[in-house]
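Chains here go by letter, A, B and C, matching the order in which they are written, and residues are numbered from 1 within each.
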């Protein structure tokens, strides 16, 4: 039928771009990871401590960042939906703008806070006479990841909290439930889908965050940095391909979980 | 709700979170116009770092804008018709294609760029041109454009509007340009702003795809963070923020307008 | 638009429609809509009335089984809507939100590349005719339901289509406006002399609008005829029940009377008797307004019932009776202002010619 032909014509450019510049490259990457390394790359990842350690430390860091972000975002998100006060819109804008900052810039912001001339160094100098510096450590990385995670999670929690039925809370109070009981029995169940979806997104972004790591993790082996080193310094394309495919698989699964929980939009690069 | 001690505790906490996000932005903005950051603000303000950045890196800024505009144009031309077909077609292939199209959001730029290099890296003319970066940006931002338009299309019954136009004698293309496009304008504009913002700030893909002659702004930023003095890096960051903040404010305003209209 | 359009006759021959999921939306159907006629397609949701309209419009295409749709002499079976020269008013009006009232109205002319001077002239005429002059530059979202409805109509007729199709055009309006507008629309259609197909699920609207009514049920035309024919001579129980209220009596024919399962008897007219055999089971229908309630004088022979409820509706009192038959109730509309307390025993009387025999 004629309509089908027009539809195909309209969608064809998108299909071509998608196939040529995404599907084909990913397939090629898979081929490279299997053929060039004789399939040994995947085995190496599991057996060589360097790669395994990199994978595990990235997972560990991402999990911790996700957990802390969720706690912070729940408190802040609930607060911002529950109360009306002067300047609230400004706070919300402040919380959402960092969404668009690329990872490198966030890395620089961490240097601003915890670098040699950073805020913490000044405070430390003033208080105890020594500079507090941790920008280029795991703690600095954690701070950076937290920076790009908080906005995503806060906005999702706010979206979920708006659906919170005030009647339920009032009903809970009328039945004599304490603040804490209401939080556990009414608030958290309502927020749960939002928390799971934004948590998955947060975890996925942390796993793949290259920009922040590139600025800060010169001495830390997180997965994106390992991939980069394999590719540029060791010229081990097969290993880089295998690692990035594993990374891709992990983040894809995470975002699949987020999607099933009804995440409206998935965040931007970290 | 009444403002008791819990209110103030949460307010304090939220303010702390906000300052964690905003203080470094302000600090880098200030550092970018300070004579000597090591000495502090008392050393006085200056624009010479900004000028220095402009001399060193102005080509990265132009290239970034060129790529961002080209990406946006391609996204509109490719993404809007694509979203229309996805919204109107009942074919089961649509959901398969939807998955494929959104996959680049899920898969780290690292993997995509390595893949692109492995397929097209051998074409040296292509590899060394800015088009190589452009395709990466299009792959990464196209899903946002499509989703943005799709969301608008799904929010009203565009099929019946199309039928209305058809009943008045309008051919497919007339219907498309007279009825579909104007009524998706909000989604297209939101998608364009999103594309511009993402493309200007894109680093993960771009770092792998760039060559010394095709450096974009974030690539230049990473470069300056590693090798330049603090004030120059800050001034450069300041320029980046000046580019991106108007887009964010605009997007926020559009969003507020949408909420009000509803 | 004071001059009459060249209206055409619409003929559907052996048209069927099966949806992609396999449901048969329209069984093989023949239908002729005369030139200048207003035909109403009436039925419950899912009966195929909208499908029929969309087939005539060219928004859906009939199964390819040799069936055809003709506008006059022209076979339009394969033509899409934009080539059929139809005007259509949609249930949701489908006004373009990106255009103001005037732009909406003239869109069909603009598409056809009509001269601007002509467009302006026709627009002025339409705005005047539909009393929309004040709203010419307004956005469509600023209009009330009734105003939108008028814009939709103006937009549909400005191109002088061969056929006007209306898909439940009043369903989004409140009852009062609905009643007024259906008169207005009918007058307009008649003055235009246009062939019109009008879809509704509201039987009152159907009777007020249509020259003829086609009652659809499960993808086929159950009955087609004037409002009077359909109301007074329904062909089957579905039509009878769908149009107005109906009481149903069932019994055996004994001694020229219908004997109900309570032993009560209803005298039958000679026509009814002629078409039935003795001892045969028979169904008879009777409209509530054809029954009169009287005092019981002869308890032995009269058809009696017990009042179970009575509701005053302004112009009439609707009385519900029990125990006429073993199951079911009988509804009676009384136009005298008499009180019928619950529990009272009353006698039913009616002229036997008002009884409608039913098959099935």
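One rule holds in what follows: a residue touches a chain if its C-beta (ideal position, glycine included) is under 8 Å from a C-beta of that chain, and two chains touch if they have at least 3 such contacts.
Everything numeric in this text was worked out from a predicted model, so none of it was measured.
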Check: Chains shared as neighbours by chain B and chain C?
Finding: none
Check: In terms of Cα-based centroids, which chain occupies the most central position?
Finding: B
Item checked: chain B-chain C separation of Cα centroids, rounded to whole Å -> 55
Margin query: Between chain A and chain B, what distance separates the C-alpha centroids? Give it in angstrom.
Written below: 17
Notebook entry, point to check: Between chain A and chain C, what is the separation of their C-alpha centroids in Å?
Noted result: 60
Item checked: Per-residue multi-chain contacts in chain C, two or more chains -> 80
Check: In the complex of these two chains, what residues of chain B are touching chain A?
Finding: 1, 3, 6-7, 10-11, 13-15, 17-18, 20-25, 27-28, 31, 37-38, 77-79, 81-82, 84-86, 88-89, 97, 100-112, 114-116, 118-120, 135-136, 138-140, 142, 144, 146-147, 172, 197-198, 201-204, 207-208, 218, 221-222, 225-226, 230, 233, 237, 240, 244-245, 247-248, 252
Note to self: Going by the contact rule set out above, which residues of chain A touch chain B in the complex?
What the structure shows: 6-7, 10-11, 13-15, 17-18, 21-26, 28-29, 32, 72, 75-76, 78-80, 82-83, 85, 91, 93-98, 100-105, 107-113, 117, 119, 146-147, 150-151, 154, 179, 204, 207-208, 210-211, 214-215, 224, 227-228, 231, 237, 240-241, 244-245, 247-248, 251-252, 254-256, 265-266, 268-269
Next item on the list: Would you mind writing out the residues of chain B in touch with chain C in their complex?
Entry: 90, 156-157, 160-161, 163-171, 174, 178-179, 182-183, 185
Item checked: Complex interface listing, chain C residues touching chain B -> 20, 57, 59, 80-83, 85-88, 90, 92-98, 107-108, 111-112, 155-156, 159, 165
